[in-house]
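Take a look at the structures listed below.
You will see subunit A twice below: alongside subunit B first, and alongside subunit C after that.
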Partner chain A sequence: MLALLFSFIPLAKSFIGSFLTISQSGKVLGFAGISNYATLLSNQAFLSSVLNTLRFVIFFLPLNTFLTLLAAALTRKKHRANAVFEFIFLTPLAFSLSALALVFKELFRGRVSVINRLFGLSFQWLDEPGPAMAVLVIFGVFLDFALDYILLVSAFRSTDRSIIEAAEIDGAAGCRLFFQIELPSIRNMFLITVFMALKDAVLISAPVMVLTEGGPFRSTETVMYYYYLEAFRSGNRAAETTIAVMMVLFSIAVMSLTSRRRRDV
Partner chain B sequence: MYKTARSAITIILAAIIIFPLIYTVSASFFSPEDFTAAEAKLLPSSLSLRNYMLSLNHGYFSRYILNSFITASMTALTRCLVSILSAFAFTHLDFKGKKAILIALLSTLFIPPDAMLYENYITTARLGLLDSYLGIVLPSVFSASALLMTMGTYLSSDKDIYDAARIDGAGDIKYISSILLPLTSPVTITIFIQAFIASFNSYLWPLLVTTRPRMRTVQVGITMLGFAESGEYGAQFASIAIITVPFLLLLLLGRKMIMKAISGGISE
Partner chain C sequence: MKKAIIVLTILLSAAGIYAGGSTEDDSVVTIWHSNSGALGTAFDEIVAEFNSTIGAEKGIEIEAIYQGAANDVLTKVKAAAAVDTSTLPDIAQLDATAALDMMNSDYLVLPSVLGIDTSSIMPSALESLMSERGLLAIPFNASSLLFYYNKTLFDSLGLEAPATLDEFTEIAPLLGETDANGNVTRYAFAGVPATYELGAFIGAQNGLSYMVDEENGHTGTPRKVLFEEEGTFAEFLTHWKKLYDTGYLNNITSGVSTEFAAGRTATMLASSSNLSTVINTVGGRFEVGTAFVPKTNEEATGGVNIGGGAMFSFTESENARIVLEYLISEDVQLEWAEKTGYMPVNTGLYDNAEYQEFLDGNPQFRVAMEQTASSNPKVTGVWIPSAYQIYYSFQSEIRNVTENGKSIEAAVHDMAATVQNALDEYAAQNIV
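Right, the complex of A and B next:
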């Protein structure tokens, strides 16, 4: 009981934040009915932020999934050379969000940027809508890469060796072994990383803030960055609570998909 | 053929992933002229430690690093403590409303903290904790996934030992500190590493709750050093290198442990 007392006071304290919100926004909605939602859904700026978020997700999710799976698959066997690559694939973990954003800003700065020179391009990356979104997507991949890589490579390595050996004895090798035996065996962890990346992508706000601040011409303004602007810059409580509630609902939907998978891991 | 293609792809991928890091280290030696050269440079024109001196002599930079270490350690320690005590209570003790409380706590797993940003900010402001370490730390002290992980481990610990310890006159605290903790240290270390990394790297929350320069964490402060404004991009990169390289070394030494900590958190 003593332990409970000790643990529950800080618990309750840190909870006030998360639970107050729900009841508070519940109250506000009670008065306003669904008119808050109606206003929000007919707001041009909000709708374009939804579109921007969708655009980000559509590019980010396949690219991130493909690259992390590729890296994990290539280095899944434990030997000395792979240990070096493994370390390299973890290095993005050493960067924090803001530090990496500063590096990216320099790499993509202006017409004579490093990236332009390396690839012979001449984009003004952060000042044109399309390229700015591309930079944001690449940035997102760097932020998520190490984590997803760790999860996938650990999943590959914890696969039951006897299944793989049995398949090898049966004559499966190379690509066939990989696609028919090893990949299906990490299916659950793979789906978990996809769902987690999806949730991160839809909720993206801090990377936008540090990299592009929604610009140019609001072309990278995502839903959660719009939420931040409305809540902290404009003091728009209606938009703030409504978006928060919608995001919690979305997150519940994704998390329940994930936890169903998690049970079978 | 198949093998060379494989190693070629691996090397290209690795080169892409490590490029920002190498560029950071290289750019930390750039002179101001190197940044404005007509052709963007990849390597510095000379190796001088001038940028590092500038960065280390900056009035607030070391203070930012100290702040980050303090808040990250506070978060990691309190999260471990809260997880240990509450997991013990939920697995070893019986009390009224145990199930309801547990469900309430675990349901926070579904609430994305980013969507609670504004409400948490208001709460922290009302508690008068803006611009304090406690304000930075408090919202991330409790983590439902950390509780879940700890509970999973404690459930598998032997109940008979607990009963025997009680009969021998050991209190709950004594039992936790001398029996339960030593037996389950991996899970505690995992939670500590996870919380420390997450807290050290967090950006948005510390940005919101700190206004005075003295209280900023390094992630927030690094964007406000003012080097870029005065044309000293090199010093900016030196500062980034200073906070990134120690983590890199930790990663090199504790790679296995960190990988285990991160993958363990998901599959438990």
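Right, the complex of A and C next:
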């Protein structure tokens, strides 16, 4: 019932609305056909936001996957020293996103920023397109790290010990044991973290809002941030409904792709 | 849309909680405002004063609710109005980006309907809110674009603040500084002009120029871009490119005041309302000077437009009128100006001894007042839809011209197309 109320009805409304011309106050002015989509797809700012989102995903997803997996793998055994690492890795969870974003903003502010002084760099992090995207990626990893880490570590630890012991008796050790026995045994959880990260990456908007506001020069304006600006700030109903519909279609596409893959395995 | 529903539900329930007071009990006047930090404190004091004096006498209570930055207040007002106009506050403090939406809304109650006497309000502040429907709102916190410079540095070089962009280009190499490795350690200027700055750089040309028709959207919903055929944006870019080519213009879009306070740029453009904050951030490391915004060329005599915020009303009530008249009264405007650096909108203060004394003690504040006094009041902020996208587009095109070798003609054309598209889209969606 709740799902119907909060999910399907608005979705259907958006879908129908995306083919209509609707005024800011919600009045239907006429049938627009596919012109809303045509306008959006010919809009340079929208296209660049798609590219920016893609760029973010390409950098963020592998980096996030690699780092969380590495950290989880290194600390997967229950051990006193590992408890310290666990504590460190999990602290980001204790802070709110916007508070962290403000801290990041301060750390990377200007050429005299804390980060530059620490590492002897001279980037104007948030004012150069490349570095600004890098800050966003670093921040994204920072945000997702803790949760992904918990999931992976607990998956490692809940693996049936007998399988690992059997493999050890058979002479498997080190890398081989890890890649051929332990990693495959957490495959499901691993995929879950990857897709959660993918979802976060494609839908990223709040960190952009606080950290860069899409700048400099639109280089970090992601699809969802563009959507936010058009739908909420400008009250553009055409952009609002069409982007919403396209994002839902995109998620359905990804979901069906992955569920087919799982069936194959 | 999913998000919209959730946000609206939260807003609705939140609004329901305090709207209860304003609908059932007419003695409470709710104000959604955007004043935080020092501004928030000053505003709260003004509200408290009302509640303990006039309010107590007449049985009116102001309930001031901070709703985030001015554009957040607008977002919330629009969301509330979309659900049910009874969830709207009595009064909301909004800025110029709200004007177009408010002009086309059916829930705005005009000051003329409330019967507010506006004869004592600064003419250019009134002009900045004048629309085809008449005055939209009551100016409360007026500010304008201002040129900030490192006075200590200028004095040591024997320089004056530049009056035109060409003069600026001449002195930029003197203001800038490069280390032994050829890295610029101090720029002459930092920042990339956007809609706000161009309001002055374009608006002032030939005494008065508009970016879009209908007097920048004030006399009706704008339908046509003017800065391309009138050549005003190209004129600005020509002079700006020369300034950039000195090598001492830093194209950054954030943290400009930080760079200024750190002495890494000799000048910047910012709202006059930032003056107190800038002086505090600099903290006496050097003397902060303020001057008129450099003119695009000799003929650009229009000056600057009034920006800042105004009080938009959504209830036709005697109490709202009393509150609004209180907010623009001499005493309140004096207190507000002294505590925040905003220009007082009440002309009665211009010969008020206490205010003059304040200006004598803080000469940097006087510059904004003088600049406004010498500006053409018809130079007004532009009211356009998709304001955020257009803002970023201006910056991108200026960067394309200065850094990436894009021709001025192509940049102006692309920019005009972006704005024209936004105007067309808005017209298609909102004009029956």
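As a working rule, the second predicted complex is superposed on the first by the 222 of 265 C-alpha atoms of A that agree within 3 Å, B and C clash if a C-alpha of one lies under 4 Å from a C-alpha of the other, contacts with A are read in each partner's own complex, and residues count from 1 in each chain.
To be clear about the criterion, a residue touches a chain if its C-beta (ideal position, glycine included) is under 8 Å from a C-beta of that chain, and two chains touch if they have at least 3 such contacts.
Note that the structure is a prediction, hence the values are computed from the model and not measured.
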### Message
Quick check on the superposed pair: does A:154 touch subunit B, subunit C, both, or neither? Answer first, second, both or neither.
### Response
first
### Message
After the superposition on A, what does A:251 contact: first (subunit B), second (subunit C), both or neither?
### Response
first
### Query
Once the shared chain is lined up, is A:130 touching subunit B (first), subunit C (second), both, or neither of them?
neither
### Task
Classify the contacts of A:184 with the two partner chains as first (subunit B alone), second (subunit C alone), both, or neither.
neither
### Message
Touch test for A:112: subunit B only (first), subunit C only (second), both, or neither?
### Response
both
### Task
Figure out whether A:62 sits in contact with subunit B (first) or subunit C (second), or with both, or with neither.
neither
### Message
With both structures fitted on chain A, tell me whether subunit B or subunit C touches more of subunit A's residues.
### Response
B
### Query
Between subunit B (first) and subunit C (second), which, if any, makes contact with A:103: first, second, both or neither?
first
#### Entry: Shared subunit A surface residues [contacts with subunit B and with subunit C]
6-7, 10-11, 13-14, 17, 21, 24, 112, 231-232, 240, 244
### Task
Using the touch definition up top, name the residues of subunit B that touch subunit A in the complex.
2, 6, 9-10, 13-14, 17-18, 20-21, 23-24, 27, 35, 38-42, 78, 81-82, 85-86, 88-89, 93, 95, 105, 108-121, 123-124, 138-142, 172-173, 176, 197, 200-201, 203-204, 208, 218-220, 222-223, 233, 236-237, 240, 243-245, 247-248, 251-252, 255, 258-260, 262-263, 266-267
### Summary
The answer for subunit A against subunit C in the complex is residues 6-7, 10-11, 13-14, 17, 21-26, 29, 39, 43-45, 109-112, 122, 124, 126-127, 212-218, 221, 229-238, 240-241, 244
### Message
Taking the touch rule as given, give the residues of subunit A at its contact with subunit B in the complex, in rising order.
### Response
1-4, 6-8, 10-11, 13-18, 20-21, 24, 67, 70-71, 74-75, 85-104, 106-107, 112-114, 116-117, 142, 145, 147, 150-151, 153-155, 174, 189, 192, 199, 203, 205-206, 209-210, 224, 227-228, 231-232, 240, 243-244, 247-248, 251-252, 255-256, 262, 265
## Note on the structure
Contacts from subunit C onto subunit A in the complex sit at residues 1-2, 4-6, 71, 74-75, 78-79, 81-82, 101, 104-106, 183, 251-255, 258-259, 262, 264, 385-389, 392-393, 395-396, 399, 418, 421, 425-426, 428-430, 432
